[in-house]
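Look at the two complexes coming up: chain A is in both, with chain B in one and chain C in the other.
What follows is the complex of A and B.
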């Protein structure tokens, strides 16, 4: 079975491990990867894709040395290897322009502010994972811990 | 000076001889003597032969202002004499012992070879006196405006300082609670684990507490792969083990049961490293609050025999996370000790080094390098902090020490714009000097502090 990945990107190691810790409830059915820069994440998603696995989601900070979160997510958005990858911007500070760019060029699916609430993060991640699984055409019954019944029901009803 | 030349060109010497050489028309003033009073009669024009006079104007509220000041070869009584009001608009008194010569309004006109009239003789004097006073009035107005601006800025800073101090106080309490309680809890758990310890798990807790996660995310991935191969672990267990940073030697005693133990090792390590992160984060918050607080109130506690190099090292340890991505060159020389507040000095280095690192990282400088040097020269300690970043643009050089100047408007890091303003104030408080030289590829801050 193909493996699903969530990539977390944040230049502050302590913050990174906190996000990963919060997401450990999903760990039985997918792999959580931590990256300290956009460049590191880019290398990793290349590898995951070349092994035939799925980058289901990227959760990225915005303000980082080197490539910013919005720039990175915009590049992923243009990359046709990752059409269904769900994108969350998790940031403490983004200007108005950053936010506009995040929506227009990165097509982010969710914007979360730091400090985040664990329940809210998990809820958002679950909802977006459900969308990823359905959009990609994977069998949702194989991933019960990753899918959100409500979202599943809504989407299935819409598509009859 | 230009005024004197002007008068010479209209032949001041001739004028002096023709009108102001009569020994009967002389007046001697002692310092403080009043020549004429505001609103009182004056029908004389005086030439100052030596000494100096000052004119004051008193307004309706009784406040007195200086309106002009005259010295040798200048005239007083110009207004009352030539306007024909014969009434002085200001009170003129001697600033020092002075010698004057005068003419009366009813005196005869002296004729010269060119048959010029009295008015022609004196016109240049009237005009240059008026323009000199006009210039003085303008200068005073400009000074006043500058003073007012400075006052407003000072007031703004004082208000900001008070607000910051208030905020800092509130935050300090909250952070203080978190910091203390975290410390207490980590000690309690440490003790508990130590007593209950069965399989050496306490040591993993301690490793986590001491170092946190010291491997970078990519190092963890590398180690994970190694461990997977070596112990035939699945990726999840291998990753958990990799994060602890435990070496093969440290893992040796658990080799036989590594799959069962990996989970537990990681668990205890993670509890420790969580406390590590919490303590690190609260210390960081304490530091941020402290730097804001510097604005409002001065920190008074001084350490005698302070080794300045220690404060540099402390600043560098606070900047660990930034310096991970920058090459640091440290050349600390042997220094005489000074009497100073170590926190304040830490802050000076911290602000400058942090600015340098951030400018390099934000501009993607290749091989970002920061050089920190200290040396003793005579009675001065010199500290040089140099980076190879993009430099400070010419037009900003003058502004960097001003409060509320920041280039970090986009919410990058801690952009209150107070860093270098605080730095300058602190350095000056120690009777030191700070200077900056900057061009693309090289920015150098030089600080010199006196050995007391």
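What follows is the complex of A and C.
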């Protein structure tokens, strides 16, 4: 069976490990990867995809050396290998212009501000994972820990 | 305003036919059922030409109207009350409903599964990348490469999907052309032309071919491999002709073209299963004379394999082109009504076709098909013409010397795929026209020349097939 991945991108090591720790509740059913730059993340998602596995979600910081988070997410958004990948921008330093670009060209699914609230992060991630699973056509019954009941009902009642 | 007028005409004329007294019709022993079939046929023709509703909806409408008006389970007011002299015979409602799952539809379903899995696991993109490499950087050769690949893909995938994919590969390349370079037009036209031509190569390449198979039964049977035996050479010759034509009409000034398609072949377990299943299915299609399974049965193998292994999951299932399947079903249902009610034969026999030279009949039928296909959907053209053509072909003994029913059906079917002179002729044309690179008159010029040459080439092909006693 294919594996699901969440990719976390942030240039600060300690931030990365905090996010990973916060999301460890999901770790039984998916793999959480930590990348310190957009370039590293690009290489990783390329590899995950070529093995036939799924990049379910990318949680990215914006201000990083090299490619910015919004630029990276915009590229992912254009890439037809990742049509359903959910994108979260997790940042404290995005300007008004960056935010506009994040919505218009990266089509991010969620914008979270640093410092974040752990419960809120988990809730958002769960909601978006549910959407990823249903959009990709995976069997949601196989991933009870990753799916959010409310979102599940919301989508299923419309599309069966 | 125009729309409501279209609707009024499309409904008004069939209604008028329905309420006319039977004696008006110039046929002997004309039955009520036959009269209703005439009305439904006119409704179908008008709806498919004027398109007051989508063409697949017209197909569904045909099926439902046939069920309500022609079957043993029809609406009470349409049933035989015993007072009418010439009522005719009911059609079987099971047979009409069965058109939704006729072998032709299953053949297409199998084709859809193959195409969808190829796209999902990027086999199409990766094959395009590998196959284009040997054509180098010379623009003319690249154009030939693009056309060949488009033609090959459209033999197995929908012509529309192939065109969309190839145009998306082409768009970034055309952006570097100088604004006045006519080569742009050549490239933008090459794709839809190749897609339209390529569809002829296999029975599943384009819906008209599959509809033709419906009428090629009994001693007229043509197998998948036989079809490819004459279809592929035809495609190659016409494709080369179109290539030369485009290069001459729209000279390319750019000296070098770099096609950069990214990606690598997926090596995951599922991707490998897709490669293997794809190859085996095509192999089975080509070797039906060895293993005994006909192409319809073979088509369901990928459906089972891909479903069982979740390669096509239920979300993908929702994205199948059900509209194309329904469009074809409606055509088959129309054919059944024309045939089983006896109308097709009655109509054909009412005109003394025996007195016409057989060659004239072939030319007239194919030119009619070509003309209709230019203005309406190729599939709808085949839906309307083939039932009548098949009745004509089987009843006319004067055709026997030049190939009989089989030859006539092939002539009309090939001609239906040659309708490509206008943006509305086929979906590939519409897509290419939407790029904004081609003017309608340029498309018409190329489409007419290629279309007419294609029909002439069809005659040559049929002549040769007759010489070698294929028919």
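One rule holds in what follows: the second predicted complex is superposed on the first by the 159 of 160 C-alpha atoms of A that agree within 3 Å, B and C clash if a C-alpha of one lies under 4 Å from a C-alpha of the other, contacts with A are read in each partner's own complex, and residues count from 1 in each chain.
Following the convention adopted for this analysis, a residue touches a chain if its C-beta (ideal position, glycine included) is under 8 Å from a C-beta of that chain, and two chains touch if they have at least 3 such contacts.
Predicted, not measured: the structure shown is a model, and the values here were computed from it.
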Overlay on chain A: chain C relative to chain B, clash or fit: fit
Mind working out whether A:135 is in touch with chain B, chain C, both or neither, as first, second, both or neither? second
What is the contact status of A:83 with respect to chain B (first) and chain C (second): first, second, both, or neither? neither
Given the touch rule stated above, what does A:16 touch, chain B (first), chain C (second), both, or neither? first
Once the two complexes are overlaid, how big is the angle at chain A between chain B and chain C (Cα centres, nearest 10°)? 130
Just chain B (first), just chain C (second), both, or neither: which does A:31 touch? first
By the touch definition at the top of the document, which applies to A:51: first (chain B), second (chain C), both, or neither? second
Of chain B and chain C, which one touches more residues of chain A? B
Name the contact category of A:144: first (chain B only), second (chain C only), both, or neither. neither
Let me test your reading of the model: by the given contact rule, A:115 touches which partner, first (chain B), second (chain C), both or neither? neither
Rounded to the nearest angstrom, what is the minimum C-alpha distance from chain B to chain C in the superposition? 18
Counting only contacts in the complex, chain A reaches chain B at residues 12-14, 16-18, 21, 27, 31, 33-36, 40, 44, 63, 65-66, 93-95, 98
Which residues of chain A touch chain C in their complex? 2, 50-53, 81, 134-138
Under the stated contact criterion, what part of chain B meets chain A in this complex? 212-213, 216-218, 220-221, 235-236, 243, 270, 273, 277, 280-281, 321, 325, 361-362, 364, 410-413
Residue ranges of chain C in contact with chain A within the complex: 122, 264, 266-271, 313-316
